[in-house]
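Two complexes are shown next, each including subunit A; its partner changes from subunit B in the first to subunit C in the second.
Right after this comes the complex of A and B.
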């Protein structure tokens, strides 16, 4: 077990080093998108733990991201010089607490009731800043100053690269912690509750507590992502946190494959790059703005539908199937895999 | 007192629209154990179709009928093409599928009909009536809204209680296996049920859009309020759904009028949570706790 942890640490450190090199090679726009992928990956990974692993569908994660974003923006409005780490931690704690409240209610709800309640949350929350406009800035929202790179990095270190570093650090740390969590005994409890609630109860697990825990963890991730989202967009306004954001996150975890953290990252990549891709297509084909602006949403919709009809296990599931097939065909790969990951790495079958 | 009367009337009128959405949700829930989260979006889309017909010089009433008809077709197609194949899979799949449809319709509407907020016509005046010198707080369109919903409810009662096909639909929803053994084409009944539900959703869109304007997400809140009403009524009982939706309409009208219209959605959310926590089987239903 210890060696598995060491391997995981090595993997994440190596990945971080690689990504830092990448941020030096690419232009500012790509760095900006890398930050976006990292932000969506953070939120999607949290949602994966809740929905894919613990089986609680939340359509309210956009609203939880709003809690994180508004926490950060309000803090910065009061004290613009507040260190970044402090605003992020406050956002995590606040949103985690909000998640505990929602989770306590959610633990008593199943299936369509849970989805309906979180849907109501997603529709309700963006109206709050409009009503209390004197605090939250109403429809105009609150502006967020971009994080300034420290002097030690040199005077012409680009803001986008610094933002990408922050977001990547947050995403990698989140993914590392969640990867450990899902392989721990707590992670097995989360899964057991999804797979068979009655059996989990009979085995002595406190089902409700496990579900609230999943919600808090997931909300904390959403809060962190929301705080970073505020920096990324530069303005925190109700239009940024509509139901569409929640559905985008859901699309990300379904595209990647429900229940897989790697899938959440893939999904985040797709969700960030679909708008980039469609705006290029729209410019080239001279499409009207009505079409160009809504094309990404239409694609998410089609993807969700097609995924449910044809590929319920998403990209990650498809890759896993291809992987198993090649392992069977080429024994040398199987040997290499055992040397690399050890025999204990078992992937959870997607339901 | 005047404010109170105005809010009461508008609350009841809105409540009847939510009731139609609640009925549509209950109808599908009883037949397929699915909540159609795209119910509102489908109504939004058919309202855009109505506006398209009107903008091409045809009368409101033709557009009205076309919208209802396209709702029927849209619902039937959705059931047959999208829902049927995933019926046997875990319930999460159908939920995600209907959310996919929701987001797709909300994207398609502005792509096809333009993204700006549009006003949608009412067939009758929306100015409050006056009898002699007494000011009433109800407009002809309000009366039309309530009347249309009541008429549709009466038709549904007759349809389900008095007609052969209504009886078959009830049988198919109550016990699909036995119904199938008795020679009922359960699949067709489901398709028809989804079609009828979508027709109700189309009616809701036509009735609410003059007041709230027409834009791609205009039915999101209506769906949430209809859902809350249905939950309040127990999700199993059509009568309960109607009563629940009327209660929601009234309460939210007071919340909106006295506290601020932006708080209506939060009010709806809090009522929903309170009902689910305190009396999850709904105010009007008796039975086991929900574990769907």
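Right after this comes the complex of A and C.
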């Protein structure tokens, strides 16, 4: 167990070092998109714990991100010089508390009723800032100053790279903590409740409590992502937190591979990069305006459909299948992998 | 901030330096038009091209109508390009879809600046969308010209020296509509129907109306009837019209987007309530309203004649005025370069805005830096363009058009000017002045020159 933890620490530290090198190699726009992927991965990883591991469907995670984003924006409105770490932690705590309230209600609901309740959350929460416009800035929203790189990094340090670092640090820390969580006894409880509630109850588990816990953890991740999202976008306004955001998160975890943290990261990559890619494609083809305007959305839809058909268990599932197949075909790979990672299967470990 | 940017791009400094040297040597620092050759004088400018970009709601809730603006501007740029461009440079206009979602605006704007390397952002549409990137654009010293929104917030020279408004600020519209109402309907009961609460379109408009009406001879019925620009908001409009009918309100002043102006007109008619509707320019374009009413998007197809008698305001020539030389010019370019676009207020807006941009680009000189176009705007009111009144641009104000004239719409959708052409500013104390400047006529080739 201790060696598994040590291996995981080593893995994440190595990954962090690699990503820092990457941020020095790419241009500012790519760094900006890397930050976006990290933010979506943070939220999607939290949603994976709730939906993919604990089995509670949430169509309202965009609303929880809004809670984190508005917490940060309101704090910065009062004190623009507040340290980043403080705004992030406050957003995590506030959204976690909101998650506890939602989770308490959600623990009583199953299937379509849970979907309906979280859907209502996604629709209702963006109306609150419009109604209480004097606090939340109404439709116009609250401006968020960009995080300024510390002077120690030099005056030429680009804002985009600093933003990428912050978002990557948050995402890696979240993924590291969640990876430990899902392999702990709590993780087994979360999964047991998903697999069979009655059996879990007979085994002495408090089902409702486990479900609320899953909601709190998941909401805390959404809160962190929401706070970073506010810095990333530069404004926190109701139009940024429509139902589409919640559905985007859900499609990220499904495309990536439901129940897998690595899948959540892959899914985040897909949902951030497809719009960038499709708008480039659409502008490069000289089409009539009506078609050009709607082409990116059409491509987005087609990619989602193809991804679902080609990888019913998500990209991560597809990769795992391909990996197993090649291990069977080429024994030398199996040998190499055993030498590298020990007898424990990679796919099992990341699941 | 600026020094950081400049230092990270030494070639830009070199280019600016070389340009300055050439300009000074060749034409004595004049505003262009000399015999010197074109240089890559700023990011986004080469010897043969100027790249500009925009974020627009091409899809999503704000797309109907507004998605026509950028293609219309682009049609004008193509016309200019076909006739030699500006100082021989072709204008390359990249407009990206943000679906009226600030998240997309943030990333699309960075794409324009960091990847497409545009010289300036032009006509970026929407208040919540563009507010998120205005700090960013200014920190990068990217000219942020002719923003498509009437928010007062674009006029903030100290914080946002690179950002310029375009259409009259909603407060200016509110003041001038309010002045007209107090003069045309003395003693009557007046109420507001506005987007909000907490929406700068409705709030800024009402602030301007209150400046004029609070202590006038009309009675203002409070509180305003607000609507939220959503499907649920539309369902509440009928009850709001019934409330106003119950109060005996005779004049309803609307700061509403077209879909909600149409809903208000239809709801009032359905309960046999016929007040005078006074509607802000944004929500009063007759072809757009006619399309919504007759197209069945309100549930049933309604008669277009519902817009008959509506009072509104205009800062550009009237869409239906086929005798106006600007309208003839823009309409013929549209038919040649963008025949699939309808002819309506949004298309006119896109054309007029593009014309002003070309004027500014000309005024910035043959080999402009980014600051040159900022100074060109600050040093001119562009009274020789399609606008009815001057722009408010100076080194201390980045307000767009400073005034409007009052117009009335007939049952056939034809607008006629009925009221004074006046100008003011967006402050509560700013006086209202009649504007008597003669309307300009377009140059014979339809392209501004110096």
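General remarks:
One rule holds for everything that comes next: the second predicted complex is superposed on the first by the 312 of 351 C-alpha atoms of A that agree within 3 Å, B and C clash if a C-alpha of one lies under 4 Å from a C-alpha of the other, contacts with A are read in each partner's own complex, and residues count from 1 in each chain.
The criterion applied here is as follows: a contact is a pair of C-beta atoms (placed from the backbone, for glycine too) under 8 Å apart; a residue touches a chain by one contact, two chains touch by 3 or more.
Note that the structure is a prediction, hence the values are computed from the model and not measured.
When both complexes are overlaid on chain A, the residue A:242 reaches subunit B and subunit C alike. In the superposition on chain A, contact is made by A:275 with subunit C only, not with subunit B. Contacts of A:127 after superposition: both subunit B and subunit C are touched.
By the touch criterion defined above, A:105 reaches subunit B but does not reach subunit C.
By the touch criterion defined above, A:57 lies against subunit B but remains apart from subunit C after alignment on the C-alpha atoms of chain A.
With both structures placed on the common chain, the touch criterion links A:15 to neither subunit B nor subunit C. Of the two partner chains, subunit B is the only one touched by A:119; subunit C is not. Contacts of A:155 after superposition: subunit C is touched, whereas subunit B is not reached. Using the contact criterion defined above for the overlaid structures, shared-chain residue A:294 touches subunit B and also reaches subunit C.
Overlap of the subunit B and subunit C interfaces on subunit A: residues 127, 130-131, 242, 244, 289-290, 293-294, 296-297.
On the subunit B side of its complex with subunit A, the touching residues are 29, 34-35, 37, 82, 85-86, 89-97, 99-108, 110-111, 114-115, 216-217, 220-221, 223-224, 227-228, 231, 260, 262-266, 268-269, 272-273, 276-277, 280, 290-292. The touching residues of subunit A, when paired with subunit C in their complex, are 27-29, 32-33, 36, 127, 129-134, 136-141, 143, 145-146, 155-156, 158-160, 229, 232-235, 237-240, 242, 244-245, 275-276, 279, 283, 288-290, 292-294, 296-297.
The touching residues of subunit A, when paired with subunit B in their complex, are 51, 55, 57, 59, 105, 108-113, 115-117, 119-121, 123-125, 127-128, 130-131, 242-244, 247, 250-251, 254, 258, 289-291, 293-298, 300-305, 307-309, 312, 351.
The part of subunit C that touches subunit A in the complex is made up of residues 3-4, 7-8, 58-59, 63, 67, 71, 94, 96-97, 100-104, 106-108, 110-111, 114-115, 127-129, 131-133, 135-136, 139, 151, 153, 195-200, 203, 228-229, 338, 340-341.
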